[in-house]
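Dropping the structures in below, format is structure tokens.
In the two assemblies presented below, chain A is common to both, partnered first by chain B and then by chain C.
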Partner chain A sequence: MKITVKNLSKKFKRENVLENVNATFESGKIYGLVGRNGSGKSVFLKILCGFYKPTDGEVLFDDVNYAEKNEFPPNLRALIENPSFLPDLTGFENLELLAKIQNKIDEKQILKTMNDLNLLVEKDKQYFKYSLGMKQKLGIAQVLMENPDIIILDEPFNGVEEKSVGVIKKILLELKKENKIIILSSHIKEDINELADVVYFFDNGEVKRKNEKE
Partner chain B sequence: MKKSKSEKIYLAKIFNSKIILLTIFVVVLSLIAFFSSNEDNSFWINLNSLFVYPWFNIIYFSILIINAYIINNIYENNYEYVIRCKNKLNLNKKIVLNILKFNMYFILVSFIFIMFFILLQSHFNISIERYYYYNVYINIYALFMLFKFIIFSLLIPILVISIKKIFSEKITTLFILLMLIDILFSKSKEYVIASILKMPITIGGFLNFNQYSSFFFEIVNTFFFILILIALVVVLFILSTKYNKGDEK
Partner chain C sequence: MINIKTIKQNLLSIVVIIALFIFTTFLCYSYKINTYHENFENRLGVMYCSVILKYEDLDLCKSQIERENVTKDTLTLFQNIIQDESLPYYLFNLSFIIIIAISIFNVHKEFRSLNIKNNLTRMDYKKYLKKVFLNSYSHSLIIPLLVLYVFIWAYSISGSFDYIGVTKGFYYSFPIEFLKIPFQFIICYILNLFFINIVYISIGLLVVKNNKNYIVSVIESCIIFLALVMFMSYVLPFMFGNKIYFYIDIFDMFSYFGRPSLSFFTIYCFILSIISILLVYFSYRNQEKTILILEKNKY
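What follows is the complex of A and B.
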């Protein structure tokens, strides 16, 4: 699997959020997007997911342009901004609801993912009673539970306690070995440097590829 | 795991979160219905008058449009949900179906209360007379008006949401304002409508009190107007899936 971003630009009214961005994402690698808040990282991720259409340029998933077909890329799951879970439902019920949309997995898989993220003890707690870190972990759980090929996480460690950050990092490194494409965004360089094979820096709408681990 | 159960829970949750809003609007509409009714008239006459009362129509359609906006935003901003829809057509279908379902709930609940309040103001006078202008019983005419009103209530919010998706927020607001102004200020035709060429061409004009050459002719006119409205809604819905500019607001 390969994602190719070609000459991508995005304008909101008169403001250029992204200008002529080129990037490639390949299986078995973790990619880090770094930049200050408002540098265009989230917009870029939303374009990859198909939520926004590029003003110019294209995003190809193995040569398929899903945006052109008004489709969302299959086998891609994402955590963008704050997850929109239903507050009165329990953590498990929220994941169950999302799982039922495509019916790809059963309860066992949901429980396993919750267990991996240390959420099993809190599975029957209502979402509004979750702490910020737990909410974030539930957001990550909905991304991982259906075993997607492409994983997009926007600021995944926000509000997550140190112990859980370690757990999430370990899971991501495991998934990398399973040949997934993992794209993370963060304004904290240290998190990205630790995990990412390739880092893209976002600044004033421009994107630069900075380093590659051996 | 059954898919339908998931949808039902979503619907129930959205419905629960809007229950206070719904209650306030039902109370406001019921009060308008109560105070705009004449206690000397029968229930059927008062009901007919309500359908052509501009302030009632303005508040009523505004509520339905707000409701549609809320539902559309709940779905469009729920990225976890959106990414699991195969394509934008599927997503838009779900949004439209849920707007129809919720507005239908709203219409049913509000009309139960509205009718009760009209009945109260009419001192439970449900006498059935002939309608002034046609050779038809007034309850038959009121049911026809109710049917026409419900069809409009379901189509207009979908029309507005499709415009919002295709064009900018400004154009949509302008469209809504023009429509509401049209409802408020358009006057009833002073002549008897006997030709299809003379039928009202705007939503406000159509919701107004107009006299046709016969009841059958009014039904035919209404049928054509609704058909045109449905065609417009379908075309805009298709375009909204292809040219969604919702993210460029």
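What follows is the complex of A and C.
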């Protein structure tokens, strides 16, 4: 699997949010997006997910432009900005509801993912009663539970306690070995440096630099 | 199969539906008892007057004799229940508030939570909207089914479509021309309610994506509906003549007083429902715009 971003630009009314961004993402690597708040990282990730359409340029998933076909990229899961779930349902019910859309996994796999992220004890708690860290972990569980090929996590460690951050990092490194494309964005450079093989530096809607680990 | 989660997700709708059906059952049952008493007193009056008339020429008794074997027909009884001047009158005529409130409740939660972002990596936008809107539009069946339930009660109590009691002026009912075609009338009556409930829900759906607050969404939707009613009931008749009021008024959906044509009104309600659905479609068709609005109004 390969994602190719070619000359991507995005305007909202007259404001240029992304300008001529070029990037490639390949299987078996972790990619980091670094930049200040408002540098365009989240909009870039939303375009990758198909939530927004590019003003110019294109995003190709193995040479297929899903945005042009009004389709969503298959086997991609994302947590962008804040986790978003139905407040009255429990954590487990929220995941079950999402899993039923494609019916790829059963209850056991949902519970296994919750267990991996130390959420099992809280599975029957309503989402609105979750702490910030638990909400974040549930958002990550939503991304990982169906074993997607492309994983997008925007600020994944926000509010998560140190012990769980270690667990999540370990899971991501294991998934990298399984040949997944993992794209992380963070304003904390240390997290990205520790995990990412390739780092894109965003500033004012442009990719200013690309660093690759040897 | 309906499971606990489905019940939990639709709790408000389920509670309201059960409450409406329980209330309607009590209402219809009280009409059954009243009708029984009315018929009994009628028969007693006829017996009493037939004896009196042998000795005295009383007008009151003459008119009582005329009531012999005259009972309320199904549609008259149905009209009396639906338009009962106590609570049911307000319940049915103000049902648009209930329908708007329950039909946008889940949509509001879905939109405000931004759960759309989790859904859109698993299904396409059109399918997502279909899922959310079908759930919402399904509420357009509640009032028509409730009215059908009342009709079945009325038929089980009356068992007749003979409207002689209305022609003789004993009972107040729907206009005679509709009593002549009872089945056609009740089908159109229920269909029109279904179409107009689609309009209520469409207004709710147009409003809900732009509001953070659920109560504000409900109030704003009701105000928009009432403004539409005012426009149709006052502005248009003022411009094109008072006669058109009875053709296009959509506030009084229950009495059919003065309605000149059943088929015209049914086609009119159908067109209104289609227009309202199209407006919803155009308002939501752009995925990016919708997401941007929802992101602005998230919890």
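What we mean here is this: the second predicted complex is superposed on the first by the 212 of 214 C-alpha atoms of A that agree within 3 Å, B and C clash if a C-alpha of one lies under 4 Å from a C-alpha of the other, contacts with A are read in each partner's own complex, and residues count from 1 in each chain.
Quick note on the criterion: contacts are C-beta pairs under 8 Å (C-beta built on N, C-alpha and C of every residue); 3 or more make two chains touch, one makes a residue touch a chain.
These numbers come from a predicted model, not from an experiment.
A.B. asks: For the overlay on chain A, clash or fit between chain B and chain C?
C.D. replies: Aligned through their shared chain, the two binders clash on chain A.
A.B. asks: Is A:70 in contact with chain B, with chain C, with both, or with neither (first, second, both, neither)?
C.D. replies: Once the two structures are laid over each other on A, A:70 reaches both partners.
A.B. asks: In the overlay, answer first, second, both or neither for which of chain B and chain C A:124 touches.
C.D. replies: neither
A.B. asks: Give one of first, second, both or neither to describe whether A:51 is in contact with chain B, with chain C, with both, or with none.
C.D. replies: It touches chain B and chain C both.
A.B. asks: In the superposed arrangement, does A:13 touch chain B (first), chain C (second), both or neither?
C.D. replies: first
A.B. asks: Between chain B and chain C, which makes contact with more of the residues in chain A?
C.D. replies: B
A.B. asks: Please indicate which partner A:194 is in contact with in the superposed arrangement: first for chain B, second for chain C, both, or neither.
C.D. replies: neither
A.B. asks: Would you sort A:174 into first (chain B), second (chain C), both or neither based on which partner it touches?
C.D. replies: A:174 sits against neither chain B nor chain C.
A.B. asks: Go through the superposed model and pick first if A:106 touches only chain B, second if only chain C, both, or neither.
C.D. replies: Once the two structures are laid over each other on A, A:106 reaches chain B alone.
A.B. asks: So in the superposed three-chain picture, is A:89 touching just chain B, just chain C, both, or none of them (first/second/both/neither)?
C.D. replies: After superposing on A, A:89 lies in contact with both chain B and chain C.
A.B. asks: Pick out the shared contact residues on chain A: the ones touching chain B in one complex and chain C in the other.
C.D. replies: Residues 12, 46, 49-53, 70-72, 76-78, 80, 84-86, 88-89, 93, 96-98, 101-102, 142, which sit in both footprints.
A.B. asks: Provide the residue numbers of chain A that touch chain C in the complex, in ascending order.
C.D. replies: It comes out as residues 12, 46, 49-53, 70-73, 76-78, 80, 82, 84-89, 93-94, 96-98, 101-102, 142.
A.B. asks: Provide the residue numbers of chain A that touch chain B in the complex, in ascending order.
C.D. replies: So the residues of chain A in touch with chain B come to 11-13, 46, 49-53, 69-72, 74, 76-81, 83-86, 88-89, 93, 96-103, 106-107, 139, 142.
A.B. asks: Would you mind writing out the residues of chain B in touch with chain A in their complex?
C.D. replies: Touching chain A: residues 1-3, 5-6, 9-10, 13, 16, 74, 77-89, 241-242, 244, 247-248 of chain B.
A.B. asks: For chain C, which residues count as touching chain A in their complex?
C.D. replies: Within the complex, chain C contacts chain A at residues 5, 8-9, 109-110, 113-125, 287-288, 291-292, 298-299.
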